[in-house]
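Each in structure tokens, the structures are laid out below.
Consider the two complexes below, in which chain A is the common component and chain B and chain C are the respective partners.
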Partner chain A sequence: MRKALGLMLAMLVLMGFAPAQGELTVAIRNIDYDTFDPNVSSFTQAAYVFRNIFDRLIYIDENSDLVPWLATSWEANEDATVWTLTLREGVTFHDGTPFNAEAVVYNFERMVDPATQSRQAGPLLGPYDRTEIIDGNTVEVHFTEPYALFSFALSSPFMGLVSPAAVEEAGDRFNQVLIGSGPFKFVSENPHVEVVLEQNPDYNWGPEGLHEGPAYLDRLVFKFILEDETRLATLLSGETDIIDEIPPAQVDRILQDPTFEVFGAPKVGIARSVFFNTQKPPVDDIRVRRAILHAIDREAINIAIFKGVYPLASVVLTPGTRFYDATLEELYPYDPEGAIALLEEAGWTEMNRDGFRVKDGEVLRIDHTTFPGFVAEAPAEIIQAQLRDVGIDMSITVVQGAAYLDGIISPDSIYHSSLIGTYSPDPGLILNRTFNSAGMGTTNWAHYANPELDALLQEGLQTTDEAARTEIYAAAQKIIMENAVVAPIYANVSIFGAQGGVSGFKFDPYAQPEFFDIRVE
Partner chain B sequence: MSLTQPQPSRGGEPARPVGRWRLLLPQLRRQRVGLGAAIFLLVVAASGILAPQLAPYDPLRIDARNTLAPPSGEHWFGTDDVGRDVFSRVIWGARISLRVGFVSAIISTVIGVVLGLVSGYYEGAVGFVILRAMDLLLAFPGILLALAIVSILGSSIENVMIAVGISAVPTFTRVVHGSVLSVKQNDYVEGARALGCRAVGMFRRHIFPNVLAPVIVLFTLQIGAAIFSASSLSFIGLGAQPPSPEWGAMVSRGRYVLSNAFWMSAFPGLAIALVVIAINVLGDSLRDLLDPRIR
Partner chain C sequence: MYKFVLRRILILAPLLIMISFLVFSMIQLVPGDPVILMLGEYSVANAESIQALREQLGFDKPFYLQYWNYFTSLVQGDLGMSIRSKKPVLEQIVQRLPSTFELTLAGLGFAVVLGIFLGVVSALYHNRWPDRMAVTIALLGMSIPSFWLGLMLILIFSVYLRWLPVTGTSLKSLVLPALTLGLWAAGPIARFTRSGLLEVMRQDYIRTARSKGLRERTVVWHHMLRNALIPVVTILGIRFGQILAGTIIIEAVFARPGLGLYLLNAIVAKDFPLVQGIILFVAAAYVIVNSLVEVTYAAIDPRIEYG
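On to the complex of A and B.
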């Protein structure tokens, strides 16, 4: 017994004095990632990890400006159907494969290959046609239609470039080798528990203005901890250096201790909104949808759950997104009387014993689905109570994982509504994905089809002129809001907590953490 | 060490014979605990039934300006993250949990007893098939089986009742089967058969009354187990859906603020623990009362 104790003490001492310098441990909430292969993955939180392994052609800096990374320059022809990219020289992947024009072609072809089943990278290439090699470090990317947002799309973390040689060698098992050219190399993965990365000592091709030379950190460890309280406890106990998704109700508590810091980055893009299934009665009726918008008191949700930490949203885009149209903010003020008037106009005049409205023997009932967690469940409960006040019976079903998205987008969805959002510094791509009728059954959460809107969204992707795009997206927001396709509720915020000794932590415009420039004291 | 010194007797009463008391005392005490448990459960059941009258607040009423308030005179158990009164929700939750416990225990009892009677009485192929099917179900932990069933049926409190009910069927079947086997050996069963008694009458008049005692005990214990399983399923989001004040769901919901608002999880958790313990104690007492060997 004494021996064992002595041994344990010795181990503790050893662990205590082990050189922990240059190692950063990050705890991430989302344990449900799919893969760290950027060309395949569909999970934003997976990008937290793989963005460190895989470089992109273009970087988007803190000011949302596109800056050179593995592409030193890029240029579109007049109608944006052909883009010419000049590539950086002297870049090698972790396995020694040189980065060049062939590698870029290989990556683009892999992203659009149906066999890759790319959920993000492939769609980001838009109307991609082919890539031609001009010389060793110049390529021409051809599109079947004008694609003005191509350079922006290249800045997405999902556009990480993989080593062609490694993919050829590993095949389907590439997600277990993960060879890129980034500042960190993949070391090991214990699925849904831990991922270990180590510094790439040869790295000297970081994006302009972010960081020069190799990363400061020797090792970067990601741990996946679902429970908010557990994750928080690991930060408070010093087991981890950085954690993500701190509940707003806990921010004050952490800040009471000056040894910790809290960082927040608003996720700009499409606000977390109640997306109506616009083809399913009773919410196929615009009057019912408008009534719901008037019946929701966002301020109450803010006070109760978000404590002023998450900004509220009253337009489909969040404040701070490019092309945000503030003139639409006053379209649906909180007005329960107005909501009742709209419902009565729509024929929901009778009341049943439970206080819910009835028309032709049908109760005004809305089946709402949500993913688990306070960010979606708690607002849904408050909305449920607010809708009850105007006679709408809203039921909530909590659904986990992939079944949730499938449940809302499927053509015969049993749900009327769901609280969901998505974000991107430029709204063009996500608006098109979410509201274009081409995405029916896959990405069109509202089951909404409007030819006028489709045309606008299409045009927005083809125009480079900023003034023209401002007009286009103002018109698109107007259509979405006037038709009450969504009831915007709030803007999500990425809230991270860190030990005081961590410096250099920042967010990129995708509200993702940038670990490249971090130092640990 | 004065505690170990013998106390002088007071008043000079003659010492009473202790032998009989010593034998009866443990049993009596156990019954008294059982009685206490029964009274507690009656109180819980009554408050569940009378929840609309007893609860000080509407369990669903949201108060955005009074969230996560600690326990006070106004809100005995505090308020939750959307400002609902936790005490009122716990009382309403008794309704849900006791109903889940009863209904699913009835489901398992009815199916289990029928299967047990049949498999015990017809020992041949029928009994074999039933017993092997039960073995198959027993191979999975009950909660896992319930989880699978809920996944197939969909998340709702009704489906949880069915799932938990079905997952406990094998226990009942095995117990009843065993009892039937021993009852069947009795001469009066042989006699009844010789007199031409048909199967249904045989079950009703001669076999079932003799296997009733263990079934009652098992039924009681199963209510507790069912409440526990149903709470577990609701905890992981497969049972009661928001805003239903189900205890397991309430415990689950409080997790993310556990360190600064313990009352959100603690009180519903305590309710589950106390009710399940009380039911188990009651079940034990019932067994003592009904088992002739102990009596």
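On to the complex of A and C.
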């Protein structure tokens, strides 16, 4: 009997049915990722995959501290226009190409080349000018203006380093070859369905002090499953080991079964907030905007929709973001009476038969646009009810995909507001992008122009002095909040579920999962 | 017959050009700047780099010029590159076609077997309980939303019983989606089979066949069904488009690598070349399938001939 069993097992192994040792399958929600070429992509969930294939010069650890990786040290000159990077020796790309100063120059030049059509890496290089090779393992990166955030920018997963030889050979098809120097090698992609990676056995250059030697897993498989219920079903049926984007309402249901675990990481940065079109009446009136901030009960939204899982946001930045100013938290407590007083002060004194405020025959109406789903559509519905209580008529238009962005990008959009946010452990780049008047018509979603704020945001990018930056960003947060440019609602959280046998699961400060330390029992 | 097929193929070329222009114009109406959509919420790209990207992709050019550029490469057989993934469109379509084809075929196959079976049962037992039961099953299949049905099947067969995988590319993983699609598509087939049969049953030649002493099975399958099936085949051709559309939802629920879901994504992302490519493919398939349907008429019914 035992013999027969042994024979059967041996046959199964021969037939390839035995599970590979240390294989991990991860199901990811976003199937509409762009590309796994880090220098081209702008999709966070594409980064979940390619961050394993491509190493970066600098790593950012759980405390948002910068840690040496392929760069062993970095230093800026006095005004942060020239940065000197010392590179690690003995690193090779998966195709055998050595990593050195030339490879770094090649990568930076590729990121800024318009032909690359880089969506994130190129912009992250900011006012990049050129890179000079000092010796085989030292480069000097020159900028046209001071760029204090360069070292931070290098920690972004989108700054993954590609093999120059592989790019030269594959050309346009590099996104189907994907040669980096990371802990995992690219094996195959069935677009929008599955990506398979395998361990890089030679890997010995993990971020300093964080990981030594190759990754523990032999194979890492990503599956792309859009439907929340389907994704959850694959975890429950054991087809996948880890899934992302668990709706908060489902967390309890999963935790009821002790065979599963739930991990969460807040996405720090700009809170998911109602961005007002500050140039469009009636929300061009600061009193109306302040009234709305007072009329929204964030706590009620959090309990009803997010089951208390998502942290509340009271300031434009979320708690945990660098330079977060907690002293601004009490600026807009939930206060419907105060909201009504502000609206009356703004002249919205009459009421129509439906209970909405009227001024000069005009109803106090706000057209809000959002994308579907619980993260944006559901909060909008509660805000709608809360605004109704103070006499504001809010309508909601749900737009599929990211097209809602378009509704708030143009200053003469038909919409007054949308719920949106973005994240980054250091707020410098995203604050500048979102609130600098230079982004009017593209990235300044509130269409807010304030020369004082512009100057602060610019200065914040140019100084490396932490104390000075703390002051700058405190002042910037204060201007944004006092002018009620946005109504912060909550901090988004990246929630993952995993089988009990998975250990070593961690997030980095970008709220992205880190796989090189994971083991499967 | 050959002339007929040839004519159909010749019509296809101008038709596809017209479709390409229509689709190109329609995409312009979809809200959203493709470059902004591509960058998403989290990009740090500023106004300057956005403009550079737009120029690189040719979106700064007027509409007619954009279409002309597209058209000239189209007639050379080049469907272009997806702006989002920067991969060749044709390659991506070819990669996904088998999956959608497989699902459509398996779903349709199941629908035909189930539909005809239900139709025959309800016609033969007209107004008795098997009829009512068959009609109810057909109606249920049509009315239950397929995404819900799909999820229920996943819960029962994958999560609780663990008989079948939720997703994947194996033959086993085709069972649940094909069942979901088939149940949805079987309803109309059952109804048309039923009414076709009921009409044929009263014909004189059926009475003749019976009085000749033929076995009931021969009468039903050979004399009745063959004549009753013509409207069913027509319905299949017309429904082909709907079934293809139905795969979108089913591909989403079962995370299958098909064209339908891909098209949906491409539209949302305003990925012009990809949307164009997929729609041209689907349109061509639709025309071809309907031409095939017309050819099949002649095979089923010798009275029909194409000159």
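Criterion: the second predicted complex is superposed on the first by the 500 of 521 C-alpha atoms of A that agree within 3 Å, B and C clash if a C-alpha of one lies under 4 Å from a C-alpha of the other, contacts with A are read in each partner's own complex, and residues count from 1 in each chain.
To be clear about the criterion, a residue touches a chain if its C-beta (ideal position, glycine included) is under 8 Å from a C-beta of that chain, and two chains touch if they have at least 3 such contacts.
All values derive from a computational prediction rather than experimental measurement.
Colleague: Examine A:433 and indicate which partner it touches, taking first as chain B and second as chain C; both and neither are also allowed.
Modeller: In the superposition, A:433 touches chain C alone.
Colleague: Quick one: classify A:227 as touching chain B (first), chain C (second), both or neither.
Modeller: Touch status of A:227: both partners.
Colleague: Is A:421 touching the first partner chain B, the second partner chain C, both, or neither of them?
Modeller: second
Colleague: Just checking: does A:301 make contact with chain B only, chain C only, both, or neither of them? Give me first, second, both or neither.
Modeller: first
Colleague: One more residue to check, A:86. First (chain B), second (chain C), both or neither?
Modeller: A:86 sits against neither chain B nor chain C.
Colleague: Quick one: classify A:199 as touching chain B (first), chain C (second), both or neither.
Modeller: A:199: touches no partner chain.
Colleague: Looking at A:400 after the superposition, I want to know if it touches chain B, chain C, both of them or none. Which is it: first, second, both, neither?
Modeller: After superposing on A, A:400 lies in contact with both chain B and chain C.
Colleague: Determine, for the superposed model, which of the two partners chain B and chain C contacts more residues of chain A.
Modeller: Partner with more touched residues of chain A: C.
Colleague: Can A:247 be said to touch chain B (first), chain C (second), both, or neither?
Modeller: Touch partner of A:247: chain B, not chain C.
Colleague: If I apply the document's touch criterion, which positions on chain A are contacted by chain B in one structure and by chain C in the other?
Modeller: In chain A, residues 227, 229, 233, 399-400 are touched by chain B and also by chain C.
Colleague: In the complex of these two chains, what residues of chain B are touching chain A?
Modeller: 60-62, 64-65, 67-68, 81-83, 155, 237, 241-243, 253, 255-261
Colleague: What part of chain A is in contact with chain C in the complex they form?
Modeller: 31-32, 34-35, 37, 40, 42-44, 114-115, 117, 119-120, 122-124, 172, 175-176, 190-193, 223-227, 229-231, 233-234, 236-239, 399-403, 405-407, 409, 420-424, 429-430, 432-433, 438-443
Colleague: Which part of chain A faces chain B closely enough to touch in the complex?
Modeller: 227-229, 232-233, 247, 249-250, 253, 300-301, 303-305, 372, 374, 377-378, 380-382, 384-385, 388, 395-400
Colleague: Quick one: in the complex, what on chain C touches chain A?
Modeller: Residues 30-33, 36-47, 49-50, 52-53, 55-57, 81, 84-87, 92, 95-96, 147, 151, 154-155, 158-159, 162, 165-169, 252-257, 261-262, 265, 268-270 of chain C touch chain A in their complex.
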